[in-house]
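Below, each structure is written out as structure tokens.
One chain, chain A, links the two complexes that follow: it is found with chain B in the first and with chain C in the second.
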Partner chain A sequence: MNGRSGRYQALVTLLAFALPVFFIVAPLLMFLAYSFFSVDHGEINYTLTVANYVRFFTEPVFLPIFWSTCVLCLSVSVICVLLGYPAAYFLTTLHGRWRYIMLMMLMVPLLMSYVIKIYAIRSILGQSGFLNTMLVGLGILEKPSSLFVFNMNAILLTLTLLLIPFAILPIFLALERIPQVLLRASADLGASSIQTFMRITLPLSVPGVASATSFVFVLAIGDFLTPQMVGGVNGFTFGRILYSQFGTAFNWPFGAALSVALAVVVIAAILAGERFGRQKGLPR
Partner chain B sequence: MNSMRLSTILLAAITALVAILLYSPLFVPIVSSFFVINHGQADWSTPTLSAYIALTENTDVLAALRATLIVGLCTVVLSVVCGTLLALYYHSHRAGGGALQFIVFLPFLMPPVISGLALLIFFREINFDRSLVTIVIGHTIFVLAIVYRTILTRLQSVSRTLVEASYDLGANGWQTFWRVILPNLSSAMAGGAILAFALSFDETMITILVTGTQSTLPVRLWAMMRLGFSPDINALVALVLLFTVLLCGLTARFLIPKQVAGFHG
Partner chain C sequence: MTQSLDLLSLRAVSKSYGPVPVLHEIDLAIRDGEFLTVLGPSGSGKTTVLRLIGGLESVTSGAIYLDDRDISRVAINRRPFNTVFQDYALFPHMTVAANIGYGLSIRRRPRPEIKRRVTEALDLVQLGKFADRYPAQLSGGQRQRVALARALICEPRLVLLDEPLAALDLELRRQMQEFLKSIQREIKTTFLFVTHDQEEAIGMADRICVMESGRIRQLGTPHELYYRPSCEFVARFFGENNLVPGKLGVVDGDFRAIDTPLGRLSCCIGNQPDLRAAAEGQAAFAVFRPEALSPAGAEDSVNRFSGSVRDCAFSGSSTVAHIDAAGQHLRLRVPSRATGSQFRQGETMALSFSARESHLVLA
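Now for the complex of A and B:
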């Protein structure tokens, strides 16, 4: 290799890195730096300080909301997995192209407009909405209830409806990778279908469940639109507080510090999903 | 055997429930778009197309639709070009390929609110006014990971022997690229492009943070919904959903056969 081709290689590397570094790494680093700044009379003060982090840990509002949001999003993941697992399992019992047509059917709603879905769900959950009309009609409720909209329940229900497909896909892929010979061997050795499921299928699908939980959790915790739309005054989540720092509260550095806290949880969730989501000893 | 049948029926019932849960939010606006709504109460007796006619006169929404299409097309071009170049770079085992791939994946792994806020601060610090350009940049870094991944997967499946045969027959690097590699990538690029467009068309969280005065349709709808809006929006929603179904069909046509093969192999 002579000097000229060495320079050419270096130039190619430089060009490849230029845009990603400029538009992805630089903004993220600047964002991180912002979390150590402060606000003075509506102006950003560029002296470094950890005051934002101290405020997050010491003021009694932020940590409780942070935890309750984590619990909320974890509940969303669990409900999504509980609904998604049977659906994914059902798909693997289908044969040939029907399996993929059905999978596609369950994935298509993902590509449908997010805002429109939130709006439609809100009108379904509302006082004069479909859910209340049905419950009253069936005689389960005496009069329309306001339990389903503008509170934490509403956020839980809406996020669940929006994110179920993200639970189905990884579980389906994990279930599909389980070699059929294992199931047949289990049946040959006299196991009942319940025993086969508990001892073979379920343990081998754990990686899919882990990925599904982590996917749904990460998507749920990063969402600030859904809580804003269906949460009302009672459904306050971390995402909303974070977003308000960039709007009404106008404290970008504090908002950046809150985002760092969010990023830490997200990274932990992704790593946990990755750790338990790895398939062991199965053909890829 | 009876318990087997019972469990299958139970599973099918849960799957049906999930499907109903997933599709009901899509049907509500479509159905109501064909009826007149007075004081929040729909008049179910007479179906009408009046909402669709009103829509053609709603200049606000039509302008937002136009902005969305412009942003989508720019995002597609940028992300397919960058995605292809980055995939080629990674595939040729040059310096820092792994690090580059990690950077490209970051905005897709992180919650969109973080990417959006990072860009918001970045544009402010470099004194770059927010406009459709900033939305295009936000969308591109968001969809880049998917386009890149789609193209890289195809690139890795282009047989090594094809490339070697091309060199053996006397083609140089560029000829091999234009005549052998690129034609093999074209359907993955098309699939990636449609996926990028579909994601850009619906992207709300990054857009809401980096938007200027002119905005895309989801953000416009978002602003309207908070106030409660006119019935022509239902008509628009129905049309948007129809359009998305068409996009999904197209994506499936370009990407699914390969994926089905991948599931078994």
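Now for the complex of A and C:
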């Protein structure tokens, strides 16, 4: 009887390891391997070479776009956190049922189709869209501006709108975990509400801010659809280059090398989020 | 007691949460430099008293005076009181030193001064070596001492302690009781200590305020409350008193007769005018402690009766016999002896207690 349950446990353990290895680690390793191959007249040449990486670092197109994409996605995460923090803080000031109703309302956009949301935002930002009509109607602009669509601004605005719920949620959870008695203790020791916020609430919510930042950054940098749809000719991002290597350019090995570069940044972002998300003095 | 010795006084303070009253017109004066314990079962309103004084809640009616100045509407962060919270409420992201120095740095004291006073406070609570640790790296007793140091450093007029020992185990709690008491004697700051543990209250307090159902039942020294309870609730709440119901008889000097199932007993009324003035025939209880009851042979005592031993419980230093006397359950406590118990189950014995060691409370 012990033998059977022992074998059963071994099988479950094996599965638990095999599944992620098979579906996550193996494909990643395959990508890594592909990045060292090359393409010759539409055929993949399986001799190992670092030519793809050399090309990435030497050709003057790729690195500038790579950095500008990183900066863009960093701006998106900073804006998301700056807008999401007050929203999350507002949620924690609500009591009982209202808190969760409001949270639900803020999360509802996540349930909608990604593509539909992008279309909706594009029609708001467009030349004859809601934003331009309103600004002209209010007399702020004389004629509709083309600043909001088919450029970097459009990507920034759209990604921010799409990803802001991912910033609110971790910040809200971090704020909610702060014991109320700490705020009372701070007031008891003479602190005003602003002092209590700056010295207790804010530092204790840093883990939430860190995971919000890395969440949004990782999601933004991996996105190629949004830049594709609202970026136009001027809004070229690394995701789009990557996408084109697997599509029109049909250069999988080079695409794989670009993906590895992207993966390095993503892993770094996740590690940074983890590092700053660790609360000083709290065991994890 | 003159007015000027009172540090803080609550005058006709009431508090309700919505329609639910929690405190009914409480009057309480806290003397400068004393260790006052507010004692009561849960739901008695004792924590509410503390929260009202600390400023975590506001009074529904009545007023709180500090040196004859009404502070009922003063904000929490402007009251010269500091609290030691039940679960310590240490800031987890700050070191022990930063926690203790928090109040001073909020008041924008210069850095060298903060450093010096934090070191002093750490020495006071014997945590000198732990300045750079985080609260998560400390034991319960150590956190407790950090919380105390943090509350003391701003030199508050009054330190409020909200059942701070509840989370500690028995041995540690004993140590902390002695520690708190010695610190209070050393710095001579007024302590207001809230607890539901009567042993804790007796061991530490200069005075105890017993509360029940949002009212103060009795305020006095531990000795007074122990031997001269003023009402049935206090008599029952403090240890395992014997209460025998009866009807009041005549007054005889410092004593008064009471007719009970055990016969006519004579009990001390001391200087309590209401016991002297109460009408004959009024319902009351004769109250005496288990250690005041003795098996037979007692000298000149007037209060004699007989009872049978129902049960006998050895508890280390003392032995308690549960006795059935005319249908009344009484406890008798004697020091234990190595030669074994002197009680045999079912045995009928003569019993007595001295009138001086007894007391009356009105029913």
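Some points to look at:
Everything below uses one rule, namely that the second predicted complex is superposed on the first by the 255 of 284 C-alpha atoms of A that agree within 3 Å, B and C clash if a C-alpha of one lies under 4 Å from a C-alpha of the other, contacts with A are read in each partner's own complex, and residues count from 1 in each chain.
Methods note: a contact is a pair of C-beta atoms (placed from the backbone, for glycine too) under 8 Å apart; a residue touches a chain by one contact, two chains touch by 3 or more.
Nothing here was measured: the structure is a model prediction, and the numbers come from that model.
In the superposed model, A:Ala191 lies in contact with chain C only, and not with chain B.
Using the contact criterion defined above for the overlaid structures, shared-chain residue A:Ile200 touches chain C, although it does not reach chain B.
With both structures placed on the common chain, the touch criterion links A:Leu182 to chain C but leaves chain B unconnected. By the touch criterion defined above, A:Ser259 reaches chain B but does not reach chain C. Partner contacting the larger number of chain A residues, of chain B and chain C: B.
Of the two partner chains, chain B is the only one that A:Leu83 touches; chain C does not reach it. Once the two complexes are laid over each other on the shared chain, residue contacts for A:Leu28 go to chain B alone; chain C is not touched. Chain B makes touch with chain A in their complex at residues 3-4, 7-8, 10-12, 14-15, 17-19, 21-26, 28-29, 40, 82, 85-86, 89, 94-96, 100, 103-104, 106-107, 109-115, 117-122, 125, 137, 140-141, 198, 202, 204-205, 208-209, 218, 221-222, 225-226, 237, 240-241, 244-245, 247-248, 251-252, 256, 260, 263.
Chain contact summary for the complex, chain A toward chain C: residues 179, 181-182, 184-192, 195, 199-200, 203-204, 279-283. The touching residues of chain C, when paired with chain A in their complex, are 54-56, 76-78, 81-83, 85, 87, 89-95, 102-103, 106-107, 134-137, 150-151, 154. For chain A in complex with chain B, the touching residues are 9, 12-13, 16-17, 19-21, 23-28, 30-31, 34, 83-84, 86-87, 89-91, 93, 100, 102, 104-106, 108-109, 111-117, 119-121, 123-124, 128, 130, 161, 164-165, 168, 173, 176, 193-194, 218-219, 221-225, 229, 239, 242-243, 246, 252, 255-256, 259, 262-263, 266, 270.
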